[in-house]
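Multiple structures are listed underneath, in structure tokens.
Both of the next two complexes hold subunit A, though its partner changes from subunit B to subunit C.
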Partner chain A sequence: MKLLTLNFLTCAVKACKSSSASFPLHPKDCELVSDTIAPNPQLVYNVLPRIDWNALVTTASELGFPTLPATAPTKEELENDEKMMKELHTLLLETSVSEGILVCGNCGHEYRVKEGIANFLLPNHLV
Partner chain B sequence: MSRPEDTLPPDLHYNDTEARKYTTSSRIQNIQASMTNRALELLDLTSPALILDVGCGSGLSGEILSSIDPSEGGPHVWVGMDISASMLDVALQRDVEGDLMLADIGQGVPFRAGSFDAAISISAIQWLCNAESSEVSSTGRLSRFFNGLYASLKRGGRAVCQFYPKNEQQRTMISGAAIKAGFGAGILEDDPGTKNSKLYLVLTVGGSADEGTGGDITGVVKGMEGVDVLDARKKHREKGRKEVKKGSKAWILSKKEQMERKGKVVKNSSKYTGRKRHITF
Partner chain C sequence: MLPTPSTSHVPYERVYEPAEDSFLFLDTLSSGSETAFLQKRFSKQSPTLTSTQSSSPFVVELGTGSGVVLSFLHAHAASILGRQDIITTGVDVNRFACKATVETVRAAEQEQDARALSHGFYLGNILGDLTGFIKLGQVDLLIFNPPYVPTSELPRLPDEEAKITTAYERDSHLLSLSYAGGMDGMETTTRLLQSLPEILNSSRGCAYILLCAQNKPEEVKKQIKSWGSKWAVDTVGGTGKRGGWEKLQILRIWRTQ
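So, the complex of A and B:
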């Protein structure tokens, strides 16, 4: 599960829909893997406005990455700064969670990630 | 031909053997590829996008999404949801590029609002019409899915769902649920009347003003070759315009019916109801 996807995932439990604590999910005991994916700057520009930067900062610090800048870079900054672009690409698209648990900050429901596949199946009473 | 939807729920039907059979059959591969390409054509994406693949299975359609040439606006990044663990297992072995999730689309779409540029679904949503236990209903599952999908798409985004309805009733149930969730919906039918007929439910979130025709399917297929537009709304509007003349027999009968529905006491209708009287002189 890429960090990009993790930045969009929320808790699936019905009672959590209205709570702001249900996003982002907090990774716990995670194993990370790094793949090589061809750089795709157009995609990064496309999703950049939709990324919740605060959530990304939280996730990155919980996974033990060096601290990210407090505010999101703009498209122009990325166009001029090749190094930052590369780092963002590595963080969002090439880093993925392969094993571990994602915990909802509101209800505490744990979603298990196995071989990169998160299990979001819920028992009927939580839907 | 028997429908797998009638026999077992999807997570049990697509077990290890079925999932392998489905993915290795070259016939199914070809059909899936052509349907995915048709869906992509309808989505009309011009730059690399983040796409949700609903019922991604073994990633047959996702593979096409990530292999699109940069000159044609690719490659797209996709996230796949499927309920069958065996299917996802095959996807893992095939080493697909997208992210995979084991999730039931009838339980909703667990993404925050405005996450995706587009969504694609190949031969999946008809499974929502079956409810496996008495705790859930098919209408509930459909509405949870479409509400979740509507929220997770960005404004101006599109979703194309190819599906195999069992009958006319399922078809209207699915498109009705999509409209209820707020989508602008329309159905595109390829090769109608033949055995290879394919239905595509084209959904739009919010209309872009520059399209002129509004944000529904008529705007999507505008300029496409070999597409006939049958607008059921227009027919309905014309029917409405042909109003009955005030004072005529039909008008009186409809009024009586209206009053009866309200619970008023209404005289029985007979052959004399609303009949013209002769001029007495």
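So, the complex of A and C:
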């Protein structure tokens, strides 16, 4: 699954819904894969306004990517910053998590990613 | 007619095979009235929209099975939604269905690439139960072909640690999850309907859900109308009346403001 997926996922445990610590989930021992994707600036421009930039900054730093700026670049800034555009292209479009664990910062529950598929089925006692 | 994605790689002994309900989704989503509705709703060019409202739509299918519906929407995003910059993901309780969907999307993307045509941006499939792990208010377009057949009980959700005696038992359990809907065939659909107001985006959110006649669709519509004037519901696709009633129908549920 694409790294960008982490921007849309929270802990599945009901009691964690009200806690800001349940988003984003924290990757642990993750294997990353990079697929080469043709440049698609329009997609990057249109994805950026809808993502949680702070969560992306956290995810990128936890996975060891170059530090992102504190605020999301505007379209105009990106048009003039080839390096930033390339970094975001790699991060948002090309990078996937193939194996590893996603941990909830609130309850500590661990969601396993296996063959690129994250398992959000909860054990019975947490449903 | 937009081409139907290939699903020849899917193991049908444990993953729901595309059937009348799946094809009703393809026909409905690509019909003139629905493409007009979706293109207007997800239009990029409108002077009154903020950049958040015109940003890439997030499309989620629950219960992807073979992946035929999600791949269709993903591959033909430009024709159906009027834009190719959609972000798509699928959810299923069956790991084999998740893997099958990944393959089906990949094959559909290759078809589009080979014809120099566009497709959406697929995040991958998630093994999970409905939407409990998706951040609230994010889903712009939700598709659900639920387990709608009335059954005396609802099969338990897969538990990877559970001891299953034979592969045959496992496979029939996985298949039962794709169709068995419990009382009135509505137990899973009711749970999803209850979560719609918080899961759907507060301005663009829209859902397509399939029902069969035993699900009492008129009652379902009445219930959605009781949510108030900010919601609308309409039957936008059906298999045609037989003996006076519609066997299968697709409801479109959307925010109106």
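Quick note on the criterion: the second predicted complex is superposed on the first by the 124 of 127 C-alpha atoms of A that agree within 3 Å, B and C clash if a C-alpha of one lies under 4 Å from a C-alpha of the other, contacts with A are read in each partner's own complex, and residues count from 1 in each chain.
Going forward, contacts are C-beta pairs under 8 Å (C-beta built on N, C-alpha and C of every residue); 3 or more make two chains touch, one makes a residue touch a chain.
In this text the structure is predicted, and so the values were computed from the model without any measurement.
In the superposition on chain A, A:53 makes contact with neither subunit B nor subunit C. Contact with neither subunit B nor subunit C is seen for A:65 once the two complexes are overlaid on the shared chain. Once the two complexes are overlaid on the shared chain, A:96 sits against subunit B and subunit C alike.
Counting contacts by the rule stated earlier, residues 1-2, 4-5, 8-12, 14, 23, 42-43, 46-47, 50, 52, 93, 96, 115-122, 124 of subunit A appear in both its interface with subunit B and its interface with subunit C. On the subunit A side of its complex with subunit C, the touching residues are 1-2, 4-5, 7-12, 14, 17, 23, 42-43, 46-50, 52, 93, 96, 111, 115-124.
Of all residues in subunit B, only 47-50, 75-77, 79, 81, 83, 88, 92, 97, 99-104, 107-108, 110-112, 114-117, 133, 135-136, 144, 152, 154 touch subunit A in the complex they form.
Contacts from subunit C toward subunit A in the complex involve residues 44, 51-52, 54-56, 58, 85, 87, 89, 93, 95, 98-99, 102, 121-129, 132-136, 138, 157-161.
For subunit A in complex with subunit B, the residues that touch the partner chain are 1-2, 4-5, 8-12, 14, 23, 37-38, 40, 42-43, 46-47, 50, 52, 93, 96, 115-122, 124, 127.
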